[in-house]
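Below: a set of structures, written as structure tokens.
Here chain A shows up in two complexes: once beside chain B, once beside chain C.
Then we have the complex of A and B:
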């Protein structure tokens, strides 16, 4: 009989079985949000969710889920149900997400490079730090036009212009007590004329051509920012923050689950476990809106909720109820698989 | 994994007793800083140090450990 082999690397693990097909389940703790969907969907009860609250607060150093390799039948259902791709199941080296006969959750997050203006709003908002915006800024010298010259004969080497220049374009090279060189870097100078106004001996002649003649000798193309926005699929949880904050609608997110998130504020004791565990920055404690006013204990931005249920599992006093009403999944011919997937819905 | 205490480190401040969300749901008066009226809570300060009463009720959320100033209560 073929036996399962478990290999544990730090908090990650692999469970393998070699028979006619090589079947392997790999768990990535870093991607896992501790939602417990795998525990719910596992048909043989081989997966056990850890104490996720204590783990995300770094109280204990443990893996977010445990698997009993003796019980695991290497069916791959947990991998299909995992909304954040923390569990990958492969058959003969091919992930089942690429095998058509297996169902797959439908979810995606994309940033359209043609529309993106590389403002980095999504990078700042992403609760998983999954977005990197790499951008090339235009040359500053191509956005301004003007002239500047320093008359070294008049200059008294006071250093005021060097100290005041906001663009760090002026450098004085002090060679001896009365021997110096002064130079303006025209790639840096923006012709703001601060140096000219501050010079005590009027040694600086400068003019901004943009102010006096307009911008006719500037090419708008030179002002364009180019770049690329990248989403790390392992870290992304499809919460939709990027889509919400994007000023040009370049980000599009499709979530795998539909549902509702209900908070019972009478039960809530504001321990903050849910706030710490939520992978989507949905839950937060409100700041008092004015002195001596009492706001709700706990608030939610439900539009970013992925209905994973991690908060409900971690709440010590059952103050949170996550309902999953819809599972977006590609069709499967297997009725038992469809039944398992539907079991993720809550009534 | 279980909840542990080290009475030698404990200051008896009772912050864990107040912070514990389960304690508050069992005995609401502890949230006001009063002692519990029952021994049904997970932990209480007794004779100036922390003592575990019903550790089986702990849901391992880690809130007590976050607030304890002296690492006298922790999950292990």
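Then we have the complex of A and C:
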């Protein structure tokens, strides 16, 4: 029988078996959050979770999981269980997420470009730096409420307006002692009228667009911000931060697991391993609310928890209990697969 | 020498197939032997008696040894399948338990293509199975039961 071939590239690995079918498992350490779901679901005990606490604190430089290619039978269960797509499994080159007979976790994160206003709140909040908002801003000159003009005949080349302009829109080109050019860059000018007020000789004229008829001739289309919000699926862990911070409800996130996160603050020693390992910025140390106040040792924003269990695994004093009560997964006809998926639930 | 034993095995299989009513044309295809050689076999010519005797001994091997040996000297999968099916008379009933995870190791190990995967579970064709038990031993979840009927 064809033996498994393992290929290790830095902290990533591939395990492959080519016979009747080509089966290949690829691990990407960068996507891995060290939760240990793969170790739990592996039916042959081929996967071992590394010292994740030390790894996320850069105390040791190792891969978050180890695989014994002698034991691995390339069934693909780890790939199905992985909530963050760090393990990809392909059969004859097709990822099993695209093969109907294999179950897959139901999870997604999407930003609707039609609703998105490109404010970048999600990009700033995303704990995985998985979101990039590429936006094109409107032409600023079209949004200012007027424009200025300088009467060169009256202008005495004093340079006060140039010096005072907060937008650096005015330039004086000094060609000779009495020879100069003065120009206003309309793309930069914001019609603040500082120049007009400062001009000692009243050489600056202002033409307001909010004209005497009281109409403001600004076309709303000129103010439109266009763009695209991109989620890097490899980095996204479906934590829901983007959905929470989005002011226009353009982000929608579906998490694969349901559960409960319980902290035992009596046991907690505030070592911070859980805070460091959490891929979702759920756990944090509180800021002292007032001098000499004793706050809770550790706090949580559970709405962002994906119940991966990484924090429970790294906690050295068993102060964290992650319960998984629901696994959202597409159906499978295989009883053993269903059983394995159900085994991810905690009792 | 291996070629002689191979001829002996093909001879034994050919005899069985003739008995089963196959034409020489069909048999020559099934065993990958050209028709004139086959006709020599069936007429008892061009094959040393020693080869037939050794082939008879090989036939008494356990199903696994017979299969592995035949596979090694025949070098043709379809012919191996035919020889194994015609020379081994025992029937097997195979059951794959629900603990099967569909890893496909059995499919890869089966020398006579008796196993396919369907819905993440192995399905073993009892008619083809020769009872070698290689798959059952390699199965990581002990999900294969092979019973001699």
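By our rule, the second predicted complex is superposed on the first by the 317 of 347 C-alpha atoms of A that agree within 3 Å, B and C clash if a C-alpha of one lies under 4 Å from a C-alpha of the other, contacts with A are read in each partner's own complex, and residues count from 1 in each chain.
Note that a contact is a pair of C-beta atoms (placed from the backbone, for glycine too) under 8 Å apart; a residue touches a chain by one contact, two chains touch by 3 or more.
A quick note: this is a predicted structure, and the numbers were derived from the prediction, not measured.
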| item | value |
| --- | --- |
| Joint occupancy of chain A by chain B and chain C, clash or fit | fit |
| Which superposed partner A:62 touches (first chain B, second chain C, both, neither) | first |
| Touched partner set for A:326, first chain B, second chain C, both or neither | neither |
| Partner chain in contact with A:317 - chain B first, chain C second, else both or neither | first |
| Contacts of A:271 with chain B and chain C, given as first, second, both or neither | first |
| Touched partner set for A:159, first chain B, second chain C, both or neither | neither |
| Which superposed partner A:286 touches (first chain B, second chain C, both, neither) | neither |
| First (chain B), second (chain C), both or neither touched by A:54 | first |
| Touching partner for A:44 - first (chain B), second (chain C), both, neither | second |
| Partner chain in contact with A:77 - chain B first, chain C second, else both or neither | second |
| More chain A residues in contact - chain B or chain C | C |
| Chain C versus chain B - closest C-alpha approach in the superposed model, Å | 29 |
| Of all residues in chain C, those that touch chain A in their complex | 98-105, 107-109, 118-121, 138, 140-141, 143 |
| Touch list for chain A against partner chain B, complex | 51, 53-54, 57, 59-60, 62, 267, 269-273, 314-317 |
| Chain A - residues contacting chain C, complex | 1-2, 17, 19-21, 23, 43-44, 73-75, 77, 101-102, 332-337, 340 |
| Chain A contact footprint on chain B (complex, rising order) | 1, 19-22, 24-25, 31, 59-63, 65-66, 74-76 |
